[in-house]
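The next block holds one structure in the form of structure tokens; read it before the comments.
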């Protein structure tokens, strides 16, 4: 089973690149499942129903997210009803929406999880390690393929979770830093891991935001309203081949295009 | 001029990989200047005189550093006398050691700077933007080649500094996260940039530390003494060709070997 | 029922002041229950069995704690066996020791809880709000008196928890900042609240640490080993009268002595 | 010389209490100088020209501030022209407004400084210790009375600065936590010190914000828009008698009224 993972999609540029590169990739290789992080898809902050529809139409099957998931207020009107749009699983009980979903590309069950880290994050999430233990022990025996988008800041928390889950899930990919890391690998027990998928969004920017605004904020230490950059883009992702019998990852290929 | 940059060298494994890969790379290509971050070279924490000598003998010309530079107390005995070992420039006036050095590979002056970021760092550094403005305005006209190791946590602070310095320095590379990023490029005005060089150190680890110890800390939330991992290693770096006439970078090549 | 609460006891000076002032206070007024935070009792970091014994002998009935509880390694040898020494309740399941205890001064059950906050704390604790909901719903009907030591950094998290628990517990007192606040009051539903009890320890210090060392760290941004200060001391606490029938607090009196 | 210091004035309730209690205090005692922190005076966030006028008319002579100073955009239109409204001194060069002012109650020069801390603050300020060294060395000999509002989060940074400046300034008072501390004292060399003046604002609130909103944010970990509370208020301050000959503080009296 071939799974494509895409990191934080940022704004209009990010959505355009998802459209173009998903179409291209599908011509080149069969994609059984496409998972993308949509927390910045609506102009950098959150997600609307229209934009969710646009991304699902473009070929994304599951949208994960992170700290920006509730930025647009309209999300509360529909997030309970859209199982393929996920918010972090390790939010308090009672949080609107769903933290994981079971999809069945080609009839094979795949569990996709949106999870958030704790170090240096703007919200206080529950322990991601215990949350994953709880989820995994609740899944039926035949759920061998589990894909985790771990939305976290530090490399150490991401790597620790991946090693902790090695052999128990198929894939752990990080998101949130908006810069792709170069360390894709398959851990000894079969879990594919990449510290961060990076952003799919505007190329000439500071993690998606207009460069001048971030520089202004850091050099003046005054409040600056961030605006999403536009223009040329970049697309990043990770292609993983998973053995449907065992859930182990067999091969990883990192993708990074820059216009 | 061909410059090789190496990220945080972690422990004995990291030093072995520097030795082996520097020797190999020098057989393949001329290296005019080798800059490496040594803050974790002594068992993961700091640097001793012997280990500094070992790295300089292996072919490193300048050692930059970061938050771990003063972890080993013996450093205070010699850091003032070793111009090729740098501590972050943006520490308070009066801090032992030097924050930059001018070297002259092939008779061409190159300024190498060790600089630290402010977001989520364990120490409070002075404004890196203003520090660089001050340094650049103090340099003589003919110092066209400036290389900055920006030791910082967040992708946004690193990218903002690189764009801020674009056209004014030759190279900005990030260190500190211990994971190499995949976003090497030359910015529009000629500054080569990579968000993080990544660690040169033990491969099967959490950013150099034994995996079990980091997992123990994060799952128990109790004090855990970290120990550097051993065994197979990885080597990462960035090769940059700089035009000695203009100081602009002409070409970047990312290097990542895993044993 | 008259309950005395004492904040973080720091080092030898702190222990001396507890001894002296507990003796004095007991001569002045009957104390049904004495609760003190002992996380810094052993030279500023953690607690030993001898020091626990010393404080219990001095008249403390229950020792609460916080982020420093596991600093001294010998604590793991006995913490499971000493129900009157508490570690934060909202640590992961399986953490050694106990997070609350039921004591019975004069035959009336009183539940004492050690709880830790999440904002800016050096460890990642579970949600203190949900933890308290869980504990309170598990207590038998007759447990009307509940005392919470909330070890947290920010005034906002402490006040929010106190208001959240108003009417459901008898007392919420903060600890951890080592400076007593002046805002004692009884909230509308009967919960006594003080943002921070402050430190009982060396008077001429920076929250218990030798003044010069903290200044050195903040002005040099280099690693500095902190040592507990000695000499003249200060004692702080809160006296609360609780109605044993309803569990509501009837009166609060803040105590602050400086030698 | 008798100086009254007032902490963060929060919203309409805070302004009402300043009016009422300043009038009352002036009937009871001569006040040579009134300094108040105005960063939350306009509905909890920032300051407008009208509100500045209102507070100056009520009897405040100098308004200090902190991280909220630039929240209302209109401030940029007038802050350069109003020497008695201060923003933190340790912002970057070029920041609009002034960081200190020299006033002359009764013909005696008094330097009032607004300064911000670095630990856990939402902006990155320059080193407050070095900033004060620089300011003090630039002042003329006859400026013996210096008053510092140190807007900072942690008790340790505040105490360290006060001890660092002991004997060099007359008063160091902390602000920002919105809860008054009970530790007023005169340090050995004559500097009056209080860790935090506390808020003058709505009594039944979480540091000025509506209680339910803060609880909602902390229990749901979702974005919540904070609104300032109303109703009954509280007033807090510190009265200091300073010897105009030496600049040393002679006496401190903490003030805390709750409606």
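Every chain is named by a letter (A, B, C and D) in the order it is written, and numbering of its residues begins at 1.
The criterion applied here is as follows: a residue touches a chain if its C-beta (ideal position, glycine included) is under 8 Å from a C-beta of that chain, and two chains touch if they have at least 3 such contacts.
Chain labels with UniProt names: A, B, C, D = TIGR00282 family metallophosphoesterase.
Only a predicted model underlies this, so the values are computations on that prediction, with no experimental measurement involved.
**Q** Could you check if the interface between copies chain C and chain D is built from the same residues on both sides, meaning over half shared, or from different ones?
**A** same
**Q** Report the inter-chain centroid distance for chain A and chain C in whole angstrom, where each centroid is the mean of the CA atoms.
**A** 42
**Q** Taking each chain's centre as the mean of its CA atoms, how far is chain A from chain B in angstrom?
**A** Centres of chain A and chain B (C-alpha means) sit 30 Å apart.
**Q** Please compute the C-alpha centroid of chain A, do the same for chain D, then give the distance between them in whole Å.
**A** 44
**Q** Name the residues of chain A that each touch 2 or more other chains.
**A** 92, 124, 127, 130, 218-219 - these are the residues of chain A that touch more than one other chain.
**Q** Work through the pairs of chains, note which ones touch, and then classify the graph as line, ring, star, complete or other.
**A** complete
**Q** If we count contacts the way the header does, which residues on chain A are in touch with chain B in the complex?
**A** Touch residues, chain A against chain B: 120, 127, 129-130, 153-157, 159-161, 163-164, 177-183, 185, 188, 195-196, 198, 204, 206-207, 209, 211, 214-215, 218-219, 236, 254, 256, 258.
**Q** For chain C, which residues are in contact with chain B within the complex?
**A** 70-71, 91-92, 94-95, 123-125, 218-223
**Q** So in the complex, the part of chain A that touches chain C is made up of which residues?
**A** 92-93, 118-119, 124, 126-127, 130
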